[in-house]
Amino acid sequence: MIETQTTLLTWMTFTPLIGVAAIGLLLMARPLLGLSQRAVDHGARLLALLTTLPSLALSYVMWRDFDGAAGGVQFVHHTPWIRAFNIEYFMGVDGLSVTMVMLTALISSVAVIASMPWGIARDDSHHFSRRQVPGYMALLLLLETGMFGVFCALDFFLFYVLWELVLLPMYFLIGIWGGPRREYAAIKFFLYTLAGSVLMLLGMIALYYASEPTTLVDGTAAAHTFNMLKLAEQANRFELMAPILGLPFTKVVWVGMFIAFAIKVPMFPFHTWLPDAHVEAPTPISVLLAGVLLKMGPYGMLRVNYPILPEATLWAQWGVAIFGAINIVYAAFVCMAQKDLKKLIAYSSVSHMGFVLLGMAAFTPQGISGAVYQMWNHGIISPALFLIAGVIYDRAHHREIEGFGGLSKNLPEYTAITGLAFMASLGLPGLNGFISEALVLVGAFPVFKVITIVSASGVIITAAYYLLTMQRVFLGKLNEKYAALRDLNWRERLTLYPLVALMVVLGFYPMPILDLMNPTLHSLVLPFAQRTGLVTGP
Amino acid sequence: MESRVLPTNLLAFIPLFPLVGAAINGLFGAHLQRAFGKKAIGLVGVALPWAAFVFAVLAVAQLWREPEGTTLVHRVYGWIGVGFLSVEVAFALDRLSAMMVLVVTFVGSLIHVYSLGYMAEDKAFWRFFSYLNLFLFAMLVLVLADNVLLMFVGWEGVGLCSYLLIGFWYEDLANARAGAKAFVVNRIGDFGFLVGFFILFWGLGGAFTETGYHIGSGYSLAFRDLPALVATAGDKTLWGLDLFTWVGILFFVGATGKSAQIPLYVWLPDAMAGPTPVSALIHAATMVTAGVFLVARMNFLYAHSPLAMTIVAMVGAATALFAATIGVFQYDIKKVLAYSTVSQLGYMFVGVGVGAFWAGAYHLLTHAFFKAALFLGAGSVILAMHHEQDMRKMGGLGKVMPVTRWTYWLACVAISGFPIASGFFSKDEILWQAFNTNALLVPGWLPWLLGFAAAGLTSFYMWRSYFMTFTGPLAKIEGHGHGRGHGHQDAAPREQPAVITGVLVVLAAGAVLASLIGLPMLWTGHAPWLEHFLAPTFAAAEGLPKTFTGHEAHRLEWLLMLASTAVATIGLGLAWWLYRGRDNPVPAQLAARFPGTHRVVFNKYFVDEAYQRSFVWGFMSTSRLSAWFDQHILDALVNLVAALTRLFAALDGLIDAYVVDGMVNTVGNGVRASGRGLRQLQTGRIPQYLAVVVAGAVMLVVLARFIVDVYT
Amino acid sequence: MAQVGLQHFLVVAALLFALGIVCVVTRRNAVAVLIGIELLLNAAGINVVAFARYGGNLLAGSAFALFIIALAAAEAVVGLALIFAIHRRLRSVDLEQTETLKG
Amino acid sequence: MPTLESLPHVLPEVALAVTAAALFVLEALWQPRGRARRVGFPLLALGGLLAALLFLVASPSSAEPRFFGGLLTQDPFSTFVRGVAIVATALAVGLALGSPSLPSNRRVEYHGLLVLLALGMCLLSSAGHLLMIYVAIEIVSLTSYLLAGFDDRGGRSAEAGLKYVLFGGVASGVMLFGFSLLFGLFGDLSLSGLGQALAHSTTLSTGAGRWATLLALVFVLAGLGFKIAAVPFHMWCPDVYEGAPTPFTALLSVGPKAAGFAVLLRFGTGLWPELATDAAAATSALPWLLLLGVMSTVTMTVGNLAAIWQDNLKRLLAYSSIAHAGYMLMGVVAGGREGPGAVAVYLAVYLIMNIGAFAVVSAVDRSAHSEDIGVYHGLGRRAPLLALAMAVFLLSLTGLPPTAGFVGKLYLFASLIHHGGFWYVLLAVVGVLNSVVSLYFYARVLRAMFLESAAGEPAPVSLANSAAALAVVLAVPTLALGIFWQPLAAIANFSGSLF
């Protein structure tokens, strides 16, 4: 079926792994070469940069060459891997994943740059960017590989392995380099997501055995398959399977998978790991967590639940929408009451990810495109917000919203960037957040009237908590304690400006992203739309 | 009247100029100001709005040459395209937006000039001009937008700028709070706007039928296409109301936020915390009229929905009277003007609400001039008084500030409705149209009566402010100021420089001359020029029913006109008697006589307090409750699961001396205590182990027996 | 007096087994427990022999019984050796005291 | 197959027996000192084990799987488990090199006993006759008792041995009683004979007969459960693991368990032959499978929950090994070809990762003289390579990809889910939830090693010993087999069949 193969995605995914190996070699070579600790640290940082940036470049090539109008899976790398279970190494991107891969490349680069100690006071040796640098960088790169892989994998088993691969580095990155309660946060994150993913494992095995005979890429016969595209083709077959635990097969599998993904989203009531993880994680890790890891949840739903288990997806439509609305409104209310800036941003992530759920559930073109665009936008905005929280934390060593005041007097640039990011996050028209939220709501309204109206009321709450924060931190009389704080340094500019620029550009001109994904997403939801009576004809 | 579309490449430049200005001053302003001084900032900040004005004139001139019903459209690029939703960044100029764009660019540019003088001493000069230009950009996008979504960009954009400018002097936290309040209250309105937009999109998008969801053909969100599209979707209903009514009411909810109507007017008086040019430009002349503009824009919806029209008209009328009563008791000159603005906006809504869209638009135009003149005049006074805004501390300024005084006087004449100035014509047209309408669910005299009463009060409080400020003994300046760098050394108030007074003169002249385009048919024998000019845009209003026609109508109109003049005169007279020369003891006596009434009205009917105690309190409580729930219930549930896990472990008798950290936040100690009692199983003593084996084996036997019974 | 039959052997074996169980569960002395184990093994031995005698598979049963006897002896040896080792250290064979390893 | 013709098929066992005999005889006659003692005897033991392994690999295939008149049954599964037993023993020999927990003057005995144990395990894994099962279990048990009590440095080892022997004695007594009942009820001692008798027997139709059969089965289960350390027959396990010399604990956690699983599987398929082919059809085996299912559930749950509280690494790993027995029981329950295949894969993986983990414990113990979790604080900085290896083992034990442990779990879950019945899926769900719980205590060790810093001046951890080397070496396949596990698939394919 697919003739041409390319290793582009493979290179992109595993280049960071080369960095891991290189850092390992560097550590081993250290006694031989008599390198100082400083030299090793710098070497590790350099290697991290040198292996992250090529991935970014490759993702650019991918974006450039991706044919959005054609849709379908592109840049395929497909070869048998483990024949015992008919597992294949199957990488490829379609309109859904291409945006996520680009996001991963971008945010990873930002995170690596944000992990540099430039501009951190020399005496601050406890800063995460100065502690055990080689280990940190190696884990960061490992995480990067996992994230790329999750979005590129089209074999369910491969997907699962890479999905789990993401857990470990995250655990250590939070647990070793995090804040005071890092161990609690790390294990909570780990347990939560593992609990979800084991459910996915069972569901995956069940789907595997339910699949019908097919062939591997090299033509050998296979009794069952993990190939996600083929599983989607066989979607009707799963309806006929014997019940699991006395319940309909597809619904049980769907719910298991959904919970696995919902934990990552994170969906109410599975979200309580997120605030802790974010508060304790060092800034670049929060950036990755919010920017990329959360996207794995809805991505998984759209990659697995939607095409492979369509009947159950239809069945659960209202549930997903209701949980989406709860996410939006409930988390926004929780935001209002937060005292820690990072926790506030974390909860705002929960709230904004609710739009993704709502948009997905509508099965309208606007809803689904809005949902995925919201994933992308949230992937731009919330990293910026976490970087912003990091800036203030690096300077003042706390993040209590009430503890500041009047900072805009001596940090005008920082204030402006923060204001812009806040505005983008609260959905100010003209910035990117608005487009996706509006698309989601517009797309959802014909289907869920009351739910959409309730969700839309989130815009008021969101405005309230952001402005309140703005006012408490930046406006009013300058708190003399912080009169000596300095404005952004070059490292922070290097990470924040690209994100902020994207917020503006993609608010006024979102089509480059929307065009990439529209055909894929619309063909994904069209069957649902037809089934719900939303659309007749093309 | 056939409508036609004429492509043009001119329109995008009108908003673009101020955007460029905002970008230059915003990104590089601090450096520019340091390198070249405030002149450079001012040059950029003022020249670009004027350039926008020039282009606006050019564009309007082009429209002028075309036959009526023409819309100039400038398509810039495709903005959002998803499925059948396709939104362009495109600007359109029809006659309504032509009027608006001229008002906005002209008055806006004038106020920019004024700001050169007003803000001359401020350190953040560049920031001010950047914000002000950005506001102009957003306002022009709002006015020129070709479709609803793009209009929403401008709509929220002006809200943002309003927020920024109200809180311009952010070091005073009260200003920042006022800005945030404005933004959030506006957002409540915007929520209505958004929901209205969803319903509109849904309504246009198609209909659910037995066979599915049909997408309308020729789908568009452009204003010029909407009337025809809406007409085809007119039979759609949602929860018992038709599409027109829903969208109309919800857009009006948006308008009440932006245009400060009941119940969302509360932000506007607080917004006076911003610099006075901001109050004049945003909170009097342009932004706050956006709601009126929106209703006028969507006239084809309202014309179809008596319910929506009634709501608009009655809310407008009620607001007009309500705000006027508050205005009577204010001492802060800007607060007086703020409530006056709320009240005048109410008139505009009465106009558009009763189907006299052109009259509402006309009042919008005249109000832009006279209210800008009033605010800027007040600004001039405030500067002269070294940022003192309390009228009780002013007085006698007419002698030292002649230009300010007489321009203020002219504007007062205009607003209070004396037949020589523009306010009379616009307000009277609205009142007459209200009286005469038969399109509402209530009789037309009801909104008229409210508006009529408000007219008298308006005259009274405006002249009260005039007399308190400009007559009586000359005020002394108390040596405080707000320390914003306005370090005037001389203590006596004096006239302001030409850059300020010049603007005042132009605006006052405008306030008078604007009457020329709205002279009523009674006087000239033909329909007012502006009505004729705007007629193509308001075609939907033509068929609305009237109560009186012909000769009877003429007689009534004369009668009402006389009544209006009379009530304005009464107001003037009262103000003259009570406040001229500032030596009449009656006001104080009256206040002492009716302390309760005075207290209630003086404190603005305690509406802010009521909101604070109800909505805000409820909102914050919900928030705290949610956070508490999240932390103590949801998170604890997780911990409870962990604790239960541990409890089972404890039952196994294997609890450790200390609790593994982490998961135990809540139940830890309890589990530990119970665990100690239960940890006796793995004691290390062999007989006991063996007993466990035997017990286990017995249990297995029982279990097996049970299984066999069940399964064989 | 009825003839001695299979049931009698089985009852004796079952009684022995029960005694053995009671012994290993209740006694605190390591040697006593070891004796209890011997009772268990011998109960099984009696069973096997009886079944072999009455069931017809005499050879297999007898061989099994011999193995049981031999291995019981081996087990007793190992057990006693370890009991000696403990006794050397603790001067006691009280199982209540062997609780260094627990939890 | 009669006795003489059978001999070529038991050459591995013969080799082991000869080696063991040689070791004891040499010790008695020669009594070497110094280097020959330190290195020579281990090398001899290793040589014997290697020979056995070679014989095993090269063993001739036979159409008739039963030898010595049905005493032994050789099938791919038993061949595989014998391999596991021999390799595990070899690793234990390697681990013991220079271990301080073994008195230097009794090294030879130690190796002799180890080889004897290997012999017992080989016999046990292919035993097809109740008598053979009993004898083999006793060989395994008696050598284990002695080895557990081998360390004479403190009381712990002797206490462990005593507990082991008493507990084991009772267990084998109970099992034996069960055997005697089976013999009486069905009149045969060979498993195949029992199976045939059971299929045609009317015993089960009477109430008393049913009770007796059940009693017998549960008694047998007690003995076998004791060997694999399944709840409720696990009580000995933590104490013995903690007290026994670490190299032997490593072997104990794998070898006898593997042999126990082999005999458990064989017992099931012997009595209900259809279990080996089509588990779904084996309705008469339902009580047996349900008993095992319940046992599996309880075993993994108790093991995991109890492990949460442990501060002694060996004890923690003991509970972990109980939990893993529970996991493997899932494969036994699944039956068919996939069940044993999954158990085999899991055993292979478990062999590597568990011995690896014990190797790390042993290596740390040599420097720190403690197995307390406290001495692991900051290990990530003091001995990064060792800590990394430990991390790999722990993650593999948790069952996270991309480690071999994940593949093992995958096989187990897959075998259950492929089966698809209500109880099977429920068991799988219990299994995955247990994996999550297990993360909690494995992560405690990870946290200690990487997230916490050592208090005071901890002793440096030397890498220059056999245990550390073994740990690092074993970490490689743990990871590699997680990424490319076609070899494991071959194992599953090969050993899925039992006769």
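Observations, loosely collected:
All chains are identified by letter, namely A, B, C and D, in their written order; residue positions are counted from 1 within each chain.
Everything below uses one rule, namely that contacts are C-beta pairs under 8 Å (C-beta built on N, C-alpha and C of every residue); 3 or more make two chains touch, one makes a residue touch a chain.
All values reported here derive from a predicted model rather than from experimental measurement.
Should one ask which of A-B and B-C has more C-beta pairs in contact, the pair is A-B. Taking each chain's centre as the mean of its C-alpha atoms, subunit A lies 36 Å from subunit B. Measuring from the averaged C-alpha position of subunit B to that of subunit C gives a distance of 94 Å.
Subunit A and subunit C have CA centres that are 65 Å apart. Centroids built from CA atoms put subunit D at 76 Å from subunit B. In subunit A, the residues touching two or more other chains are 183, 187.
The multi-chain contact residues of subunit C, meaning those touching 2 or more other chains, are 24, 30, 33, 95, 98, 100-103. Multi-chain contact residues of subunit B (touching two or more other chains): 654, 656, 663, 682, 684, 686, 690. Every pair of chains meeting the touch criterion is listed here: A-B, A-D, B-C, B-D, C-D. For subunit A in complex with subunit B, the residues that touch the partner chain are 183-184, 187-188, 192, 269, 271-273, 330, 333-338, 364-366, 369-370, 406, 408-409, 412, 423, 428-430, 434-435, 438-439, 441-443, 445-446, 449, 452-453, 456-457, 459-461, 463-464, 467-468, 470-471, 474-478, 508-511, 514-515, 518, 522, 529-530, 533-536. Subunit C meets subunit B in the complex at residues 21, 24-28, 30, 33, 95-96, 98-103. Touching subunit A in their complex are the following residues of subunit D: 380-381, 384, 395, 400-402, 406, 410, 413-414, 417-418, 420, 422, 425-426, 428-429, 432-433, 435-436, 439-440, 443, 446-447, 450-451, 484-486, 488-490, 492-493. Across the complex, subunit C is touched by residues 654, 656, 679, 682-687, 690-691, 694 of subunit B. Across the complex, subunit B is touched by residues 162-163, 166-167, 170-171, 174, 210-211, 214-215, 217-219, 221-222, 226, 231-233, 235-236, 238-239, 286-287, 290-291, 294-295, 301-302, 305-306, 308-311, 437, 440, 444 of subunit D.
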